[in-house]
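Two complexes, one shared chain (chain A), two partners (chain B, chain C).
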Partner chain A sequence: CGVLLTTATFAPPTPALVRSHRATARAAGSGRHRICMVSDFFYPNMGGVESHIYQLSQCLVEQGHKVVIATHAYGDRRGVRYLTRGLKVYYLPLQVMYNQSTSTTCFHSLPLLRCVFVRERITVVHAHSSFSAMAHDALFHAKTMGLNTVFTDHSLFGFADVSSVLTNKLLTVSLCDTNHIICVSYTSKENTVLRAGLDPEIVSVIPNAVDPTEFTPDPGRRDDSKITVVVVSRLVYRKGIDLLGGIIPELCAKHPDLCFLIGGEGPKRIVLEEVREKYQLHDRVRLLGALDHKDVRDVLVQGHIFLNTSLTEAFCMAIVEGASCGLQVVSTCVGGIPEVLPDEMVTLCEPTVRSLCDGLEIVIARQRSGSVPSPASIHRRVETLYTWRNVAERTEKVYNRVSGQEVLSLDRRLTRLTSHCGSVAGAIFAFIAVLNYLFLLLLQWLIPDDVIDIAIDGSGPQSCWTQTSSKKGKRKANQIL
Partner chain B sequence: PPCGPVENKKVLYGRQPYPDNYVDRRFLAELRRNVGVQQLRYWSVAREAGLVGQQVSCVAVFVALWSSLDGGALPPAALLWGGLLAALLGYGLHGALGGGTGGRTRWADLQSAAIFLAFTFGFSPVLKTLTESVSTDTVYAMSALMLLAHLLFFPYARPSPPGSLSLNAALFGSVCLASRLPGALHAFAMLTWALLLFALWPCLLQRLRDRAPRAFPWAAALVSLAGVGGLSGLWPGGSVLLLLTLLALTLACPLLLVRLQRHKDNIHGPWDEAEIREDLSRFLD
Partner chain C sequence: MADDSLTDIYGNRIGVACRCHSDLCREVTVSGPKLSLRSVLVYTCGVWLLAYAAFCCTENTAVLSCAIILTLVGLMVYIHFFKVDHESLLIIGSLGVQLSSSYASGRECTSFIEMSKIKDVVINEAVYMHRVIYYLCILIKDPADPHAVSSVLPLFQSSKPRLKCLIEVYKTCQEILAQS
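This part shows the complex of A and B:
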């Protein structure tokens, strides 16, 4: 493998070698896929999408697939990085426009993404998050290049205002010729099917998961002389922080032993600070500010009750994390939240101050009477509900299904665009698709696929990572012998 | 797989006996269409659209007054007497309609009026020469733009008190036009009329709409006629154009809106972002 590494890095491999390489790859590719995950959102950025991509990729690598991740450069983190198990991440130098999302021009990212797709001999492109322009660009280019495409939608959208009308139109264009779509909850599936006008048969529901080893209970860390309510969320309007600002004074007045522990940062922090100031609750409402992902568990285990006040949520990992740490969960009943936890593990409320206070009162009373199950038993239960292995297995089925499908040829793609996306947008994007195809031809003429180096696999069946370690092991064994 | 008695529960935990892309008959069962949409009636829409029409006419009346003042067809003193008469009539009507004076006494009203008139009168020679260094074309273009802005930003939903942007735009436009008149008294007369038309008339109209809903369409029609009539003497083509615009605004556009109502297709479901309906500021005040 060491020899192979030098040839591939320093000298362009002969076309014959490449061709044989590709042939074997195709043959070996019956059950194994070479997947490229594309999204603007990846570590070091923190959030649900980021950890979803990471955990899913790790489990897919474990299953023997080759996975690479493409995202945009974060500060000085650019170029190629390797993560655990040889998971390769391309931090591409693309300009960030807004909220960590790159801009989309439908063209400028083609040279870079083509290079990644060809070098890594990608068979399936899996884009994440409808907020990510790079994900939509990657889908567009992958279809031009004749690769199979999968898209995961992580968020819900409305239909009423101008911005959702426009983004829904873009989603329609982006998904009309995508092979398969994954949504994280049934509500999210209904939403995506309506937004993009899709056939529901090509949309699968595969939930998120939580790593149960990361979120373990620790009842010793909490102060049982009082009752602590924990909130961990970005402090923004959509997370219902205004409701929280109403709940705190209501409940603190009734229960002198009640404390709030609030982790997270955002523009609505001011609301909570004003409430704390007005009702003199400095010793009972602690605002912790932004939390690192690794610190979340340490905050969660200090509480008895986990409160989620979101106004919209496709899946809500936070309540699963709270339950996994053994907390009693109180949450608003919005979006996909009622699908997430069994009824005995969560108290669902209407998104009003009154209803949330009532729900919290019930749980506080239960907590006082000691009739709640122990944190350890709740944790054991959550452990069985969601695992990343299960998510990976189900995603693998989607890849198997997709790799058997043919990618639409250019003429059929144009027909699909014009027939499916309305006459104006359809015509515009059909034109862009043609331009994109011509651009690809130009790139292929400038730098033919044969000339592009084939990258060394960090994961997958031909991973040099595992091979070198095993060879080294053998050599060592020989020396010892 | 979709056979047998196993019901596909809409839950994400635990294995479902169906493939992940299975679509059961309850898919989109919670979809609701056009929740709480009120059906519009043609004549009520037309009535409300009358407000837009009369505001366009107000601008036409103002331009007509300015033009006849500029051409010398109307002496400024006559305009001032007419303004006084209109103001007194309007003030009387405003009082007669009732609905409270907002805590203001007649004495306070008189004081405000006196202060305004005194200042405008005192400053009218300044206003007259204000834009002398600016070319006439620029002034006309600017006032046209400002009057258009007045129409665009006018708070049609609730004209009283007049929106600050639309009122300021209208007054700026009036000052521009007034500064091109031949004398200081002309400018003074023009500005008092601008105030009558753009600041006081919307207040009276709003009160008419609240207190005398039957009289409101007649008032709107009267202003519209005044606009068309006033413009016809100066520029017959323009008055025809205004008439067509008014007809389109008050009769054709509402018809279009009511027709388009049939195509309204609002979808609601569990994915909608929850709205906070209660007033949460009570926790902070």
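This part shows the complex of A and C:
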């Protein structure tokens, strides 16, 4: 309570310089934004979030926005790099704690992130993934600096166990004053709204997409003398590998021409190896181990049926990829999966061995009778369902809406924190928000904003990126001088 | 090109002088801020006050003599090895580039790079301390493969001028490099 009293009289936090930056940005931009994507997860790390950020950024750059990405350093990949179309990536030297996520102290990343936001004249900060500490830090700092914020949640969470309770609390604190939140499916939206206690009005649903040119069918690659079921997922509990271990012996006993092709690696691999050992299925169950992203398509096209046994999933990219390669999809009906594909393209089952076996039986029978649509026709349908351009257009609308909103001033932000996040956590984080603001003032005194050089744009309206630029993109200085 | 508005990345004023010896030979000198009396006084006073505090506790005069020697030696080491007064870049077409930095004590360090080893002069970005800055650097050719870069040699490492100044120097260098 003491915290509240001392801070209620605080001056509005938006520093004059940031405000003037943004005023010029709006005047010159005419609907063009300067976006900074922040996440711990980016290439060279591989995964759904990474490719989402990359593809979305590329499409936004194509639309004429300026996009930079900030992530932490991966090994000796640190500093500034350029990707296709002048997409600039900052690999900032922040300490990695656990599972490629940085540690958070709420303060130590402020100097670097402030420098990035100021020199790139960022107007919207877009953070990705609730597992990423750097994303939450960036949201916190951006709000302190008076920038508009957007957050994309890529995962579903529980409510019951201790770790979920804690992360949900953090998410509540982090999202209560964020301008807009994007979820990948309606289930995910519902989940996030409940977890973070948000107003559903500020939560949008924008699904993921696949690159249809990367996942094309190739019926010649599959062996039609038998029926192949493909599974491509990490072999972890969440992906329902225990269910898969129950399905394999049952169906293999019934159908002598059935094969399983399993791509992916993880702690649950042992379950599948045990099953293979116990039922002597070495010739029919092939474990391919970890797959590179580029090899996934080669594995998918070898099968007739794509099986997904996930126990929880916000938006299942894998089944879209499978369908895009022209496979029949059988999946558990959990999380956001029912929203992903139209009913005639996917067979949904309960997450039990019994139900999944029944589902697979139906599809196998259909496959034998030849009454399934051709891979090419399935591909043509999926091609139009999820495209990155569509995702980018919808995200652009979110940016347009957000950039018109005002960022909460410090006093209102503190009121919001204390009223939304409970008395204890609210007070603690209100205190941290004040410290963060004081730290920002200190930094602005040490290195005023006008001493930070404005970066030369790699993308966006004033881009100096050309195809002929040298690999490192530094020669572009030539063109502007 | 002597421009008073040029500053280094900390906002301190720096002087930049460009001398044109001939069409093929230019010299750029960047002089950093002078050693300020205030910072010398602050550091000296700081060390001496600490020494006096220690003296009050221990009542040993050796502490005070130590403090005096420490400040003197510290100052000498600083002006001889760390405080760079000015750095210059002499670029001679078809011959090479000479880099020299002279310290506050008068010591000079000079190195010369042959033109055949230089691939290009570029402006690059780097994370430096808690910020991201632009710097000018020379790309050194790999002797085995003339298209590859074996190392990067940053220029004006102690004065750290801002982008505006770097662009001027970059242009000067490119003019000469284009001729040879």
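As a working rule, the second predicted complex is superposed on the first by the 439 of 481 C-alpha atoms of A that agree within 3 Å, B and C clash if a C-alpha of one lies under 4 Å from a C-alpha of the other, contacts with A are read in each partner's own complex, and residues count from 1 in each chain.
The criterion applied here is as follows: a contact is a pair of C-beta atoms (placed from the backbone, for glycine too) under 8 Å apart; a residue touches a chain by one contact, two chains touch by 3 or more.
As the structure is a prediction and not an experimental result, all values here were calculated from the model.
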Figure out whether A:G79 sits in contact with chain B (first) or chain C (second), or with both, or with neither.
second
With both structures superposed, pick whichever of chain B and chain C touches the larger number of chain A residues.
B
Check whether A:P212 is in contact with chain B, with chain C, with both or with neither, and answer first, second, both or neither.
neither
Would you check which partner chain A:G426 touches, where first means chain B only, second means chain C only, and both and neither mean what they say?
neither
Which superposed partner A:G335 touches (first chain B, second chain C, both, neither):
first
Looking at A:S188 after the superposition, I want to know if it touches chain B, chain C, both of them or none. Which is it: first, second, both, neither?
first
State whether A:V451 touches chain B only (first), chain C only (second), both chains, or neither.
second
After overlaying the two complexes on chain A, where does the chain B footprint on chain A coincide with the chain C footprint?
none
Which of the residues in chain A come into contact with chain B in the complex?
156-160, 180, 185-188, 190-191, 193-194, 200-207, 238, 240, 242-243, 245-246, 249, 271, 274-275, 278, 311-312, 315, 332, 334-336, 339-342, 351-354, 385-386, 394, 397-398
For the chain C and chain A complex, residues of the former touching the latter:
7, 9-11, 122-127, 130-134, 162-164, 167, 170-171, 174
Show me the residue ranges of chain B that touch chain A in the complex, using the header's touch definition.
10-14, 19-21, 23, 27-28, 30-31, 266-267, 269-278, 280, 283-284
Show which residues of chain A lie in contact with chain C when the two form their complex.
78-80, 90, 92-93, 111-112, 115-116, 119, 447-448, 451-455, 472, 474-475, 477-478, 481
